[in-house]
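The next part holds the structures, each set out as structure tokens.
The following pair of complexes shares a single chain, chain A, combined with chain B in the former and chain C in the latter.
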Partner chain A sequence: MVPVTITGMTIVFMVIRLGPIDPAAAIVGLNNPEGIARIREQLGLTQPLWQQYIEFMVDLLTFDLGQSWVIARGTPAYELILIYAPRTIWLGIWSVLIAIVIGIPLGFYAGLNPNTGGDYFASFGGIIWRAMPNFWLAIILVAVLSQSQELFGFSWESWIVETNIVTPPDLSFFSEPMGLLTNTSAWTNGLIGALKAVAPAALVLGSASMGNEMRIGRTAVLETINSNYVETARAKGVPERAIVWKHVFRNALIPLVPIITGEAFLLIGGSVVVEVVFAINGLGYLFYTAIQNADLPLVGSITFIFILVLVATNVLQDFLYTLIDPRIGYE
Partner chain B sequence: MTDDSDLSRRRFLQATGSTAAAAALAGCSGGGGGGGSGNGNGGQASNDTGGTNGSGGGGSQRRIEADPSKTLELMNSSITTFDPIAATDTASGIVIQQMFDGLMNYPEANTAVGPLLASDYQVSEDFTTYTLTLKEGAQFHNGDPVRAQDFAYAFERLAGSENSSRAYFILDSLGVEAETDREGTYQPGSMNVEAVDDRTLRIQLSAPFHATLEMLAYTAFAAVPEGLVGDIPGTEGEIEYTDFSSDNPVGAGPFQLENWQQGTEASVTRFENYHGESASIAGVHWQVISDSSAIYNYAMNQNVDSLFSPSLPLTQYNPEKLSVEREEGAQSFGTYGPVRNGATMDYYHITPINSYYLGFNMAKVPKPVRQAFAYVTNQQLIVDQVFKGTGAPAYHLTPPSIYPGGAQAYEQHAKNSYPYGYNKTQIQQAKQVMEEAGYGPNNQFTVQWTDYASSDTWTQAGQILRDQLRQAHIDMQIQSADFSTLLQRGRNGQLEVYTLGWIADWPAPDNFLQLLNPPQTDTSMEAPISYLNWSQENGSAAQQAIDAYETVVDNQAPTDQAQQTRDQAYVQIEEANWEDVAFVNVYHQWDQRYSYDWVDIPPYGAMGPSRQKFDDVRIAADRGGGGGGESGGSGNGS
Partner chain C sequence: MSSDTTGTDHGPVDRDLADGTSRTGANDRSGQTVLSVSDLRTAFFTEKETVRAVDGSSFDVRAGETVGIVGESGSGKSVTARSIMGLVDSPGQVLEGSSIRFKGEELTELSQKEYRRIRGGRIAMVFQDPLTSLNPVYTVGNQIKEALRLHQDLRGSEATEVAVDLLESVSIPDARRRLTEYPHQFSGGMRQRAVIAMALACEPDLLICDEPTTALDVTIQAQILELLGDIQDERDLAIVFITHDMGVIAEIADRVNVMYAGEIVESAPVEELFANPRHPYTRGLLESIPGRHPDEEQLRTIEGDVPTPNEPATYCRFAPRCPKAFEDCTAVHPVSVSVNETAEDHTASCLLYPEDQSREDAVETHRARGDAAEVTAGASTDSSTGASAESSADTDPERSGSPDSKAAGTGEDRREGSR
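Presenting the complex of A and B:
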């Protein structure tokens, strides 16, 4: 983990500081060429590069994330991340869940009933879902929901709870968990509202992985169900239900685990496009604008967190393997 | 990423010049005054918002029963800070404009500067000492009275704080007397600004400057309670800097901050003890959205009351839906619609003080090539085809409303004297000038065009020109770069042909024409202001430009006589540019606004929407209702 972090951070530093973007230029803009020198000095960009590098690494590895240079000058990076990250995580959770809850059962259904009408329908649907580009689906969905009144005669915006189609979900209900007991209806409304606000985005974001998981789930089930030990079990007279749940299901999950964990990471970091279209302004968007403006402390901090998450998902993935497949264990 | 483009382009451009500026030439912007305001503030009298009446009649199509409990709903791009001396972007500037008041102001963003927290001022005979008297009874959001000491403190911060991004405003542009060390760094506390008593502020300039009052209208010069933040030597600071810049920006403006969530939203509420008439609305709320399709959908769902032009994606703009009903000088009023939700929106635009151009690195691109560019460029065509007609073709770098003699003189000078064809594509002439210089089908000149990556509008313009230039033996490669990358490459002298724009710091031609002052364009210097490398070696008119700019610098007094001298010199610089083709001026972009009919915002002047205070907005008690809902029923496409 340490080498991964150090290598990652070194690459970030090199890309940003040796790249063509000058954060001082991003701050002052066009009218003030003299000001650039002053800002460069303030940011410590006039020091030798190796000294900047050492400072950058030492700060990060001691969890001193520093202050944003450009995006919100002077604001500590962790404060910014605290604002942006919860939305992305909220969105990420639901998109992973949607994919799991819809994709895997469909895949298993298709795998258990191969070459039937249902299988074709699910498989074909999976391919289509998989093929639809996120940005396109997102724009279409926003446009359709915005005009739901005209198109379907029902208004998405005011359905159940009043929410906007674009803009970040209101996650304030999370900060007062006691509200669930003291002010139940308002709290649940907050929850539903937040859920509804990210649902279209989560659907879009989950769509590709949903298709993926469906296809891989189907193949995995087909492979397992035709394997020798299933046949043996069947010959021994084990009821079909037990075969499916105990032998096929568990074994078919193994190839799905890296897919799911891999996607979980992608969803946390790689949802820029969808976040932008739905104006959710989450971590991906923050990362993107930070890179564009060479906001080194912010890019560094976010990358640092991404690397930590990446390592953590890998650990989680190994742990899941041991849960699903008892043959795998920690040495 | 097409239209994001426009947004960020604007944001950055304004970021640069940011929000200040107003016509020193109050006369020529009179048409832009929307009636009352132009005349009302000539004197130093009280803060009579003459604009109110003028705008009410002029701006709206119908009378609105205003409900003072309503909050104005708008969109904004990402805000970075509320510290007036740190902000360089428009998004922050718009909010700061609502919360901070300075000595002077552009009423409803009109170019004629008027007093705000000042009640009177006097200028010494040599035009270097300004003595301003403060209004009585004004107070900050925290209840403290506004005193001259607060301005002295705010100015010191502007010059000396490490948080200041605008020190050059006060030290260089305004030129307040101050000491600097050998390296040119400002010595804290050495500035010659003195609070004579609680209500009298004396500012000593090192030389006369004709736009002093305009400069003071910039929010960077706004009052901040003395000693509030400890970022200059000798002050402890009552609150933390980040507290001031993000949670608790204490100013004396008509609104105070209610809530800001970085990258999400910001809102301000009416300040009841405002020194002027307190605001006619309860507050303003900005939702931060950057994606063009999200912006469009948010607006079409009627989540905003009004949509300002950098926000409406150009791809969604349909010139056929626009019907202009009335034009007054640079302003146009009309309707736009029906938009997607069925409503017809009130429309308004003005040609503000900005300029977009093609610049040449003259050391790399020889004169015949530059002239060929000028010959093939048909400004009107580019404005119509690429920018859908949302601007005025440009022939001078100086925008029409501040051009010496006004918009008419601008037009006439261009029509009569523009050497490369007024609204004409002259491929034949371009070919001729190239062939005379020895270029031909087997000896083409290859040139690199660089535009902002965020905008494909300029790339389109480049493609149009590329196809035409090919016939004139010029092989043009089109390339895009990020804005800050573009600037950096420009500063290093690596660009050949580039596209940029300029928005004024102060509303006078010299703010623009400094870009065409040859010594300031030398990219081997540390801080070139444009990237032309214009010298006598690559342009016969360089000396004319140098001399004329010197004349401008030598005649900075705010007198009619000095202005006349300056005006002549301005035109000489423009003509020198025509001769040597340092810039091909392309267009002056409109500032458009679309509002639903339940809101009435006074029309902004040529300073543009980011300079407008929203204290005089009226919102009907019954929002929505109108076009949107009803037409929903009729538009049953299913």
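Presenting the complex of A and C:
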């Protein structure tokens, strides 16, 4: 864990400091060599590289994330991340959930009914979902939804609650959880609106994972259902339904655990493209603008957060393993 | 002994009597018949061909008796076991006319739901590989108690007590703690004991063991065989024991059925079979046991492979590999007959027998019975007569050409005849 974090941060440091990014030029403009030199001095970019490296690492590891240099000069990076993160988390949760809730059951269904029409439909669908690149699917979805009135005779924008297609979800309802009791209808409207705003983006972001989980789930079920212990259970007289629920599913979930947690990594990276297309100004969007504007402390901080999330999902994955598979345990 | 003399003995033989006595005599010999399989045919229908994995095998199992089924890989041993358990998966199918009677109940007519009551409750099965036949994510106790809950409606501490007793009865020490452990915490031999305990959970009348010792090393193998023997004595259990290991068969079986390409080619009590093997295939099997001929450099083998039985038999399936094959072997399908008048309990499906008839008479016997009905080993019980009459109607038209195509010898001609 710790070595992974340190190695990751070192690579990030090398990429942003040794690369062509020059924050000073971004701040004062290329035509002002004096200004550039002055700003460099101020920001400490003239110090020896090893000194910069140590400062960078110590700051991050003590969670001193520094201040933004360019985007919002003087604002602590920590504050910026807090502002942008909830929307990314909201999007991430739903895209992971869509993949799990649709992909795995479809895969299990296909695995239990191999070589039937339903199986072919699900398997083929899985391949298609997997094959569609996010940026393409996102644009197509925006195009289709914005013309839903003409295409399907139903308007996505005014369906249930009024939302824009390309919009950040309004998560303000979360800040007042008591609203559920005191002002129920407005609160649930807020929730539905936030869900609806994020749904197309979540579908796009979850599409590849959904296809993946479907395919892996199908294979896992097929493998398990032909295993000897399932045969033994049958010979014991266990009804088919109990065989599926008790003996097949839990074993079939084992190979799915790393797939699901692996997808969680992808969702962080993938969210940059999707957030930009759907104008959900979350972490991915912030990261993207930070790189464009050479806002080094912000870039460093966000990658640091990404690395922490990665390490955390790895830990979560190991923990899930121990829950599902008794053969794996801590010594 | 040499079979060259078998054809010269001209004894007046009443065919029906010879068959009849072989079964009645056996019935008197020991306990009540638990399982009676007759004319069992299980085929797998694939796009390419129909594989007749079990093609007309018949045998009985009595209480307290161990019936061994031996044969090479692909001879239909496991499919026989699965057919009895009703566990033949698609595209496999137990064909019409097959009869599996268990304690007077016809299993082939049961619905899936009724079958589940029998499965695990009254007929239990132990599989080949103990390392994979327990579910890795549940405790051993959980899996034993699952059977108890299904068939005896035992739950909670009551079930735990029974499970502890079961593990103790298969000689697993510290049973109470072992119940809470997972299969990976058991050694191979221990796991097979646990699987046996699970199979015994509901006090079945019949235990089917499909190569239960093949995956174990020799010392553990001996322990498991001993355990099975003890359990059998205690509970008067009938056991069907499937293996390809002649040594194991000699140790555990009371009666042996030798299977070849889906058919039972010889059936005899174990001592008789080892002392006096009659079918050339059985002889070949026994000859090929390592150590039988210590002075020879090379192990004796049976040349060739087991053919895939993908068409109804109209000839002896062993003929291409048989050292004693003669012309008629490729034209007449041998049926199960007593090897001679005096051997009451010893049948073989080979044109060389009954050995007290002339070869011409013997061949005629086989041909006549093969044409009249698809009669197979031990088909003298009442239950099977109806079944075999039915199946003969199906197979007769296909078979009608076979007696004419006598001139044969090559595989090509044989196939001609069978069409």
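The rule we apply is simple: the second predicted complex is superposed on the first by the 325 of 331 C-alpha atoms of A that agree within 3 Å, B and C clash if a C-alpha of one lies under 4 Å from a C-alpha of the other, contacts with A are read in each partner's own complex, and residues count from 1 in each chain.
Note that a contact is a pair of C-beta atoms (placed from the backbone, for glycine too) under 8 Å apart; a residue touches a chain by one contact, two chains touch by 3 or more.
Bear in mind that the values here come from a model prediction, so they are computed numbers and not experimental data.
When both complexes are superposed on chain A, chain B and chain C sit side by side without a clash.
Of the two partner chains placed by the overlay, neither chain B nor chain C lies in contact with A:L97. Comparing chain B with chain C, the partner in contact with more residues of chain A is B. In the superposition on chain A, contact of A:P168 is made with chain B only, not with chain C. Of the two partner chains placed around the shared chain by superposition, neither chain B nor chain C is touched by A:M14.
In the superposition on chain A, contact of A:A235 is made with chain C only, not with chain B.
Contacts of A:N251 after superposition: chain C is touched, whereas chain B is not reached.
In the overlay built on the shared chain, the residue A:V277 is in contact with chain B alone; chain C does not reach it.
Residue contacts after overlaying the shared chain place A:V4 against neither chain B nor chain C.
Seen from the Cα centre of chain A, chain B and chain C lie 150° apart once the structures are superposed, a value rounded to the nearest 10. With both structures placed on the common chain, the touch criterion links A:I36 to chain B but leaves chain C unconnected. Of the two partner chains, neither chain B nor chain C is touched by A:L323. The minimum CA-CA separation between chain B and chain C in the overlaid arrangement is 45 Å, rounded to the whole angstrom.
Common to the chain B and chain C interfaces on chain A is no residue. Contact residues of chain C toward chain A in the complex are 85, 87, 112, 116-121, 124-125, 127-129, 132-139, 143, 146-147, 150-151, 182, 184, 195, 198-199.
Of all residues in chain B, those touching chain A in their complex are 12-13, 15-18, 78, 80-81, 86, 88-89, 162-163, 165-168, 172, 241-242, 245-246, 261-264, 287-291, 293-295, 297-298, 300-301, 303, 340-341, 481-485, 487-489, 491, 500, 502, 505, 526-529, 632, 635-638. Residues 227-240, 246-247, 250-251, 254, 324-327 of chain A are the ones touching chain C in the complex. If you check the complex, the residues on chain A that touch chain B are 20-23, 25-39, 42, 70-76, 79-80, 83-84, 139, 142-143, 146-147, 149-153, 157, 164-168, 276-279, 281, 285-286, 289, 292-294.
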